[in-house]
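Got some structures for you, see below.
Here come two complexes built around subunit A, the first alongside subunit B, the second alongside subunit C.
After this line comes the complex of A and B, so read on.
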């Protein structure tokens, strides 16, 4: 077995944030709201025993408000906006003592009306969650947010491309449908864990995060410190999938450590994971029109995206969801209205696929409805309209390096779609990468090889191994001679963040520059930087959505027990455009992992709520796919071309899976619009057929 | 403020000691076997015991004997039942029912006594044990009694076990000619059943028990009696299935609505009877 990558995780040698020990360290526990929406009237910490430290609202009064895209979150909530919102924290010598002390804190509540559905939350008279929210000053994170004052809309993203409404009136065929996707949990094995330690007014945090520089910038605002006074060390994570992005526990643990005058560690329970960050539920209405020959004429998309109690990166998710829902098609007239909406759910944020799954589900299911209306093969309808090199997307940008047709054909061929489409379904998607962004990396010679420093975070995706492999090739050494230390904002150069499948693509090119720089200079040290420019105007959706497109397709073959509605996936295939594979084993695992997560999304997963309380916050009641749940056959392609650019592929195979399965059911006359696709919903579809 | 302490840990090293502690502490000390169920309840904050009475060190409770009848000690793990040659050959449907519970990690830990004493409506083994007419042995310092599964499980998480009693053993009579356990899951293969059907046949006498649809395993002797003296022809299987579906009062949960459970019950009872017909 190789000495890098998997070994330490298998042997137990890997050290995660929860393993960080500091002298005199205390342990944190949190006092959480039992109510979905309630004002804290009074907090009594009289019951907290000696030797424990309690942090309450008064302590955080002087601190700043945080939030990566909208500043809407206090270090401790004065109004709890979801059941589980943190209103006080305690530090104690042990976790057990901390939990007991937290249980001894008494809170007097004033309950407020709550809303749990994004569509209801924008209806007149809905309870308001936030009076107003200022946009974040973080350049690296903020998008041009468009909150609607006096409403629960924290961001409104629009695409205005042609005149969709008028064009739909001229279309030969128009289909319309509404789709829903549920809240979902990331379920990494490793829970969130953070250790905070102060030295005077300098703060060090060891925290499982994909976004060390974003966390640093946001905490600088909270504590009124220059960013340089804050150091974020990001140990490897035992999975994240988007869960460990932006400020999660860091602000409250740092505030608690400062009050305690001692280092403090917080490690969440599994139950608390469901109260920390989940995937956005969405309701999406699609209208699409075509000419009789299948040429797409116009598309309208209305998206209600439930970002929960705090915006987090919901504005970004609503944006990406909005343009991914257009699909990889030439459509002359497009209107998209995508709203990120506050509700009294736990916050929703980044989740592998970042909004694409939700709108691809809706959009690609509708393509099969349209094909049905036109009497065309779903494959032929897609092929007729796919974007090709040089076409303009709905955002106005010209598409280059386009491989949608290749991906779709590979997926269709893998399941024998053209020979017999019964029980089979297809999906093709485009997904953007974080744009704009910046990636820096340094290479330094050591006595035994090189050290490569960057803020690319290891979360199981294998970035350390990819950097070693790319570095070894560029530097002419063995991968084992390249040391890749954990990201540390004091010593790692700046990187926007480890998200949106951008690291191998961005850091790989930065590394080429760094090695060239090292060669051009003294041979001891080199620096490389890649910047991708772009961004979308939120009022028109015009601009550059992505400097680099993730392109993929999936195909599914299913059989159905029509007496019970049980679905069996006989074959699932994903085809992902890779350009050039750097780390083959890692790339294959990314495809397989994405497909399996997509399968869970399609058939199993949903966070369940009763009056805003999560009712299935454990691995027994929240089902993720088990080994025996996998398709009977699961195959995939990493499509490569000689001399091609490295393409990101960490998420691409997830979003198309639910729609491929949904469309496979559709080929049997079974129409489902809601995820997950339960046997009960399939049996209902059998009844409706 | 209560002291920040861990729950008391009582770990008797003999059955006599365990029964004495049970008599003394009653329900103040939560009986702990494999801990798979208690672990979830505690992590969720539904249960915060002040004391545990752990059976892990009591010798002899994991004993398994097959001599005409099958005797399973309360601490026998699901894995042990699933893998024992004697169970696989003598009571294959029982081995299967235990083998379908959750995941190997859970089965290595969960026990025969625990799954019965928890009386969780969505567990697999109770319906199968009820179909096999198993009896449990409840012991206390006062003595011992033998209780059938349908007398043991009274409702949601509710049993007839007295606060001073321990479930020490399960006795399964010699296996009938045919037996089957059908587990219908609506989510993951590692999930609990949405509808479970355990069915046995000895001659023309059939016994059908439906699990996971209501508070307790559902058995309707009058409907089973429709098969008395009859061949299990497709029409009869179908009729018993339909009538079971009409008779049960199913509940709704995350695995399915009441209406859905009723429909699936009709299908799965029919299929179970077809399975044991030949």
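After this line comes the complex of A and C, so read on.
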């Protein structure tokens, strides 16, 4: 037998960032703050052995600050804003030596008061993390950010659509509830790994990232270099789920490599992963009012979104969380206030679902409360109010290509909801895609076929295979004749980033244009570009939230052991609108993977803190689903239509799972508002019933 | 120290410190399918077969394998289990796949026709964060006799 021709992921030949070796390469280790909030008074690197290089605050003084939406982060912190913030770094010939050298660095601290809850962080007198939250707003990239100076609010997103307060006074029935979702860890099996190498004033980074062009732009600001002097190569990732977005280790590793005069690689320990990027905890208050016949009249959402010590993409998450929480419904009066708030937690950022899970949990649990008050079926209440083609959403945009009814019906039918709703729950959601954005791709003829270059990054979602399959169909060749090299900012054309389930949808259409361009020209080379326009006014929430909507629903059937509080998911179903599937197995894997991650979100996962210190930063105390944790039955639909456009589906099946399970418990009289749904919380709900 | 062993069917010598785990020693020898992930034996991404039994490379001292037989996925050379994983699309990012392939190989040796529950239990020492479990189980069923 031979492994020739087998996928390198099966033979073990796939190479990730942690496998990159450069001649003379050193290894990095970091000196991290043990305090959640403390000023560095003095750093003593006298104990660092010869042959090792230490990078401290003085070295990074001339460097710029960075941040993808607000520039609020220094290459090394002078004030540590979370337990784990990096204040110094060392490079050594081996990882073991680097860790020993980092342990020899002594830091004198001045402890500062800290705040660990987003609601408390906006109360009067709360300790401030960044004194001038507003001063860097003009540097913001990618979204229009509204920090509130002199507070911990780094962004305030509002929707003002009608007059929700007045309309709620006229509603026949109003329900209100507060929900909480915890911090969660992405837990990609591959840790963050970055290699930096300088050649004069030109920098090359090999790094696991979904955002090579964003990293390049931010580092250009840090090092005061033209973007063209920085090259980002993005090998495939061993999972990311949002963890490997924007600048993570790249700035500090590049600064360390420059000081060391040698290439440097950093690979994080699992514990450090919990200090690098997590999912935003959120507290969400929902008020919704309806007429006696179930017609929704108004909705108010107040969202406190904990973005941790640095903004990262928290403003974007608070925005998406804010409008996803409106739900796929016709509601004439909507008010949303969604705040991205600094706390002394590790930074929170993009996480599969990008805020949608948090607000969909709150919003869709409330729909079942409302149905109960109205004496209506939760399915009938939803169907009565679902957005349909041509309706206007709370953002003012007109909805097209709408399939919520189909998704909801498919989910409800799969679990036999109408026959017997006991122990069953539903959830339907809308989720936006990065808008505005730009995707470029090139096709070049080679001796054996074609090479397709783009900055769409492979993280297991199967973009390389999707591009090969789409390319083969368009070019009339075999998928194996199409080479898809790793993204490289020197040779790949521009792409906004590999996020928000946009790559197949955006790059697929760009590829059609590139092939048409190749055919129209000399047959050797073609380029294609797709741009989607839009964006929301952060002060009114009006505009175009998404040029393309991700639409889905989930249904769960559960049984509960009321003596132990154990929840068993008998059947979980997700229905996702796919339009047209181009990579069948990949689409199924993404749907199943989203459902399983949603199951973990619902029942297992939460990062635990004590005074800002993570207390379960390992694979033993932080549980992710294993094969035996799967529902007894797990099924799903990829809803397709003849001639339809390709829809993104990499995340859609995650956000509805927790609410479907929560609503299934609600059908048994068990009301839970907080995730994850632990046996203890179920037992409490049994006691309250 | 030098550890003499049979590595992927051939006599080999691993250089390792006395306190070093097998995982690091194998990676230094170029066997990069063995991947550091959790470092506490929970995730199975550094699974190797030691005299045919799956063990975690992060919990096994390099010194413990002296005189024994170690197999990594590089030594399988396109086995039926590997082919079944490829045909069933039993992976996404691929980081965990070598560990799953080796665990599945041993599961099928012990139980050539495992039930779905036995597959889930037999692969319980391996985690896939991408959530490819449905198609991983399908790959194992394809090999079952």
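Here is the rule we use: the second predicted complex is superposed on the first by the 674 of 689 C-alpha atoms of A that agree within 3 Å, B and C clash if a C-alpha of one lies under 4 Å from a C-alpha of the other, contacts with A are read in each partner's own complex, and residues count from 1 in each chain.
Just so we're on the same page, a contact is a pair of C-beta atoms (placed from the backbone, for glycine too) under 8 Å apart; a residue touches a chain by one contact, two chains touch by 3 or more.
Note that the structure is predicted; figures quoted are calculated from it, not measured.
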Touching A:625, do we find subunit B (first), subunit C (second), both, or neither? both
Classify the contacts of A:49 with the two partner chains as first (subunit B alone), second (subunit C alone), both, or neither. first
With both complexes overlaid on chain A, does A:270 touch subunit B (first), subunit C (second), both or neither? both
Which superposed partner A:92 touches (first subunit B, second subunit C, both, neither): first
Of subunit B and subunit C, the partner touching more residues of subunit A is C
After superposition on the shared chain, which partner residues are touched by A:593: those of subunit B (first), subunit C (second), both, or neither? second
After superposition on the shared chain, which partner residues are touched by A:104: those of subunit B (first), subunit C (second), both, or neither? first
Overlap of the subunit B and subunit C interfaces on subunit A comprises residues 269-270, 618, 620, 624-626, 628
Subunit B to subunit A touching residues, read off their complex: 1-6, 40, 43-45, 102-103, 184, 186-192, 194, 254, 256-257, 260, 263-264, 267-268
In the complex, subunit A touches subunit B at residues 47-49, 92, 94, 96-97, 99-101, 104, 269-271, 563-564, 566, 603-604, 608, 615-618, 620-621, 623-626, 628-629, 678-680, 683
State the interface residues of subunit C toward subunit A in the complex, per the touch definition above. 31-33, 35-40, 42-43, 45, 72-74, 76-79, 82-83, 85-86, 89, 91-98, 101, 119-121, 123-124, 126-137
Note: in the complex, subunit A contacts subunit C through residues 1-4, 6-16, 18-19, 186-191, 236-239, 241, 267, 269-270, 458-462, 585-586, 588-590, 592-597, 618-620, 624-628, 630, 634
